[in-house]
Amino acid sequence: MSLHECSIQEIADEVQNGTLLGVPADYSGVPMAFVRELIRQGKSELDLFCLPQSTLQADMLIGAGCVRSVETAAVTLGEYGQAPCFTRFVQEGRLNVKDSTCPALHAALQATERAVPFSPLRGLIGSDLVKHRPDWQVISNPFSDQEDPVILIPAVSPDVTVIHAQKADKNGNVWIGRRKEVATLIHASKRNFVTVEEIVDTDFYEDEVLAAGVLPGFYIEAIAVAKDGAWPLALSDRYPIDEAHLKDYATRAKTEEGFATYLAENLAA
Amino acid sequence: MAFKLEELLICCLSRKLHKKRHIAIGAASPIPAGAAFMAREEANKGMHITLLASQKHNHFTDGSRELFDAAAQGRIDAFFLGGVQIDGQANINLIGTGEYPNTQRRFPGSFGSALMYYVVPSVFLFRLQHNRRSMVEAVDFISAPGFSPPEVYRPGGPVALITDKCLFAVDSEKQRFRLESLHPNVSLEEVIDLTGFAFDYEENPPTTETPTSSQLDLLRGTIAQEIAESYPLFAKQTFGI
Amino acid sequence: MSLHECSIQEIADEVQNGTLLGVPADYSGVPMAFVRELIRQGKSELDLFCLPQSTLQADMLIGAGCVRSVETAAVTLGEYGQAPCFTRFVQEGRLNVKDSTCPALHAALQATERAVPFSPLRGLIGSDLVKHRPDWQVISNPFSDQEDPVILIPAVSPDVTVIHAQKADKNGNVWIGRRKEVATLIHASKRNFVTVEEIVDTDFYEDEVLAAGVLPGFYIEAIAVAKDGAWPLALSDRYPIDEAHLKDYATRAKTEEGFATYLAENLAA
Amino acid sequence: MAFKLEELLICCLSRKLHKKRHIAIGAASPIPAGAAFMAREEANKGMHITLLASQKHNHFTDGSRELFDAAAQGRIDAFFLGGVQIDGQANINLIGTGEYPNTQRRFPGSFGSALMYYVVPSVFLFRLQHNRRSMVEAVDFISAPGFSPPEVYRPGGPVALITDKCLFAVDSEKQRFRLESLHPNVSLEEVIDLTGFAFDYEENPPTTETPTSSQLDLLRGTIAQEIAESYPLFAKQTFGI
């Protein structure tokens, strides 16, 4: 196993227009430096697959016109209010939202993780979500002798997933801790890249305690160092969310003009 | 002893949680969190509380899917769901108003409601703006239905709806709400007027039990500190800490 | 969350005759002290569900007459040769083996983990395993417009699972490290007990690095301290397998008499 | 330079592995492990090798199911399977001989073969006792079939069978074995005589390429040390270390 180091620009180069991009939840390490680079490179027609929801990553990409569709359980700035670009684009009919629910997003990736065509799921039947998802199917549970509808969620495989993490080791392994759903996202994606705060000169597997939180390097094509790479979002145990920045964003991004000046200021760096 | 609406709601919800073993609370839910902490303190020190927004109070180690898995396994006894709209059949709408998909007012999305509402035995609905825009006859979009036909696997569902005006219980047989109590200084007429759906009620509904002074002491002391860790802004506004 | 401490005897008391017992693989921590107590208590008609295979735990329980059936991908002593009691009982027609394959055993528990009635799986079609498993079903993939058979493995939920681990904390959380399949076994079981080398006076969640390898205490009914509780098997990072003991067992357990004297010697302690 | 059979087999298998990115090796497989270490050393330093029996050489962190998941995802390029019996259609039997379920000679079980054999692109079969009891016309129990009808999802399958006598290649079109080479001092007649199934062969089959002295140096040095970590007994017997 070996480390392939690269730059954020090189990761963004690998994202073609039309890519299905895996998007991690905030607590999993959001690669915001990479997101800004995608916008700088003027990507378009990206399809986002969120596990299971997104905040600033989806909202900025939508606002910058990079996104064709987003499959998600929610896009929101959480305590900072509604996701302004997402809300505006949906209300103006400019964004295709494949509305889903958290466990269905997990189920779709878990199917790919095991290379099966679908995962069964409980719940959902009677929700209007199902009406608008012709890609989901309801079958009768073949193990029951009574009527028992079960929904099947088809497998989804993102073309590219990029996450941000605290650290990688000298052999390209990444420490992700207990937020294991990014492992599922990575397992299910065709290509994976990681940005990290730092690359350390050890091997995580030398310590079984550390090893329990490791994403093995063989899933990862290349790793780029991005100090403060989740900023202005938080990175668990490293730095908190930049509250002032988020408040400012939540206000300015409510209008096209405000978002444009926000972008201009924040892409320059 | 004077109390705030938030304090009333926390104590009211708390009484419903005394016998729960594991309560899970989603993001942006300081009142349910306070109610759970209060119930643990008052009734069951062994109660497990999961705050998804917290690192300290979140013991899952298998990623965020573990909440949904644990709930599906029947290991989560109580959960809380809001709603942009809630209707008389306890259907909830977290998507937005107007005709989907080009909603007039779009909200974040359905989150995990389309599983959690089905599998958690005691789901508490809450909505702090009780008016005819939120309490509607029929939601514009069903993120998750209040009730399901008998063939649908559904060990869980709604047990109550709490608002800034009153507490409704859920009548699962009739599949509708029944007014359980009015918050202090709220009249039945007011609730009828503010509610877009029909519901059952007695002529003279009881008043929601108000917090005792020892409850308020507990709440403003230990519990407020617990809440502040995850919801500092709420704690500041409500408890001045 | 709180710790419920108990004795090994009390755990064994909870295992009724006829229980479907979850059995962990060797690298996951095998509760051998508990196994000896089960034999001491003269349990019978146990059904074993191995994730995904077993060595000494299944073999001793079988030899002692405690077992009615075993569902497994294999029973073997590995480098120490064939599992002598398992082999003898099968060849004499005295044991019902529900032969399976590792991923099917995982799939059955993963179904229960998500409370769905089945998990789809690839492979298997054309294997004679399927012929002898009327509980498995083959359906046509409803997402394909071509003929595409997919096998469905029904959910399995052990009545009781007992594992052995290095340590528990003062709040009843258990550190299992990166051998995460025991978490699936625990999630899928109706009741769970753990034996540990020690209970430490800290909370594992105070350290996010430790937390990544923790099984949360709310899945576990009670915990018993059992020093050297996996002996004569290994416990990862704590102690190696007792080679001499295993060699001795492998030889003696080949006959009913040899096994009987082995048991007599080893249950007395 | 003189060499042992094990050394011949390691070097022979190793040549088939030069282009693999990730090779996984099950329990009790020192020869495949040696072949993989050898291939990494000779051809591809970036190769990833997973030894399931090892802690050091096992980087999975999602439990033992991660091997099967990773294989199903197409991330494992090569795997090795033995067999109590192997037949002419590359069916393997890991269960036992005689009529199932009351097998006359019961073996441990099918392990993960009933998935791995289907999804790993290059599965190498190995069996070091080449005789008519192990190389049979039809196995008594198919743990996993050698080939599958076209409608069955099967990106992987067998590519070769190595024994203590010879190396067979797999002809996927004809769904049968073709003798690729005879190990030194083994005759075609001997192999035909010891094999219970029909197979294709040339009149004068080549001899299995023997290890060069530099290969043997490498094997007895670095590689033997690597093997010894997971298979001390084998390393002692074969390399005297």
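Order of writing sets the chain letters: A, B, C and D. Residues in each chain are counted from 1.
As a working rule, a contact is a pair of C-beta atoms (placed from the backbone, for glycine too) under 8 Å apart; a residue touches a chain by one contact, two chains touch by 3 or more.
Predicted model only: the values in this text are computed from it and were never measured.
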C-D or B-C, whichever has more C-beta pairs in contact: C-D
Distance from chain D to chain C - Cα centre to Cα centre, in angstrom: 29
Rounded Å distance between chain A and chain C, as computed from the means of their C-alpha atoms: 36
Distance between chain centroids, defined by C-alpha means - chain A, chain D (Å): 40
Two or more partner chains touched - positions in chain B: 55, 60-62, 68, 72, 119
Multi-chain contact sites of chain A, meaning residues that touch two or more partners: 103, 114-116, 121-122, 148, 150, 178, 180, 183, 208, 211-214, 236
Touching pairs among all chains present in the structure: A-B, A-C, A-D, B-C, C-D
Residues of chain B that touch chain C when the two form their complex: 21-22, 45-46, 48, 55-56, 59-62, 68-70, 72-75, 119
List of chain A residues in touch with chain B within their complex: 25, 27, 52-53, 72-76, 78-79, 82-83, 86-87, 90-91, 93, 97, 99-104, 106, 110, 121-129, 132, 146-150, 178-184, 236
Residues on chain D engaged by chain C in the complex (per definition of touch): 27-28, 55, 60-65, 68, 72, 94-96, 100-119, 141-145, 148-149, 151-153, 233
Residues of chain A touching chain C in the complex: 103, 107, 111, 114-122, 137, 139, 141-144, 148, 150, 152, 154, 176-178, 208-214, 236-237
Chain D-touching residues of chain A, taken from the complex the two chains share: 1-2, 112-116, 173, 180, 183, 187-188, 205, 208, 211-219
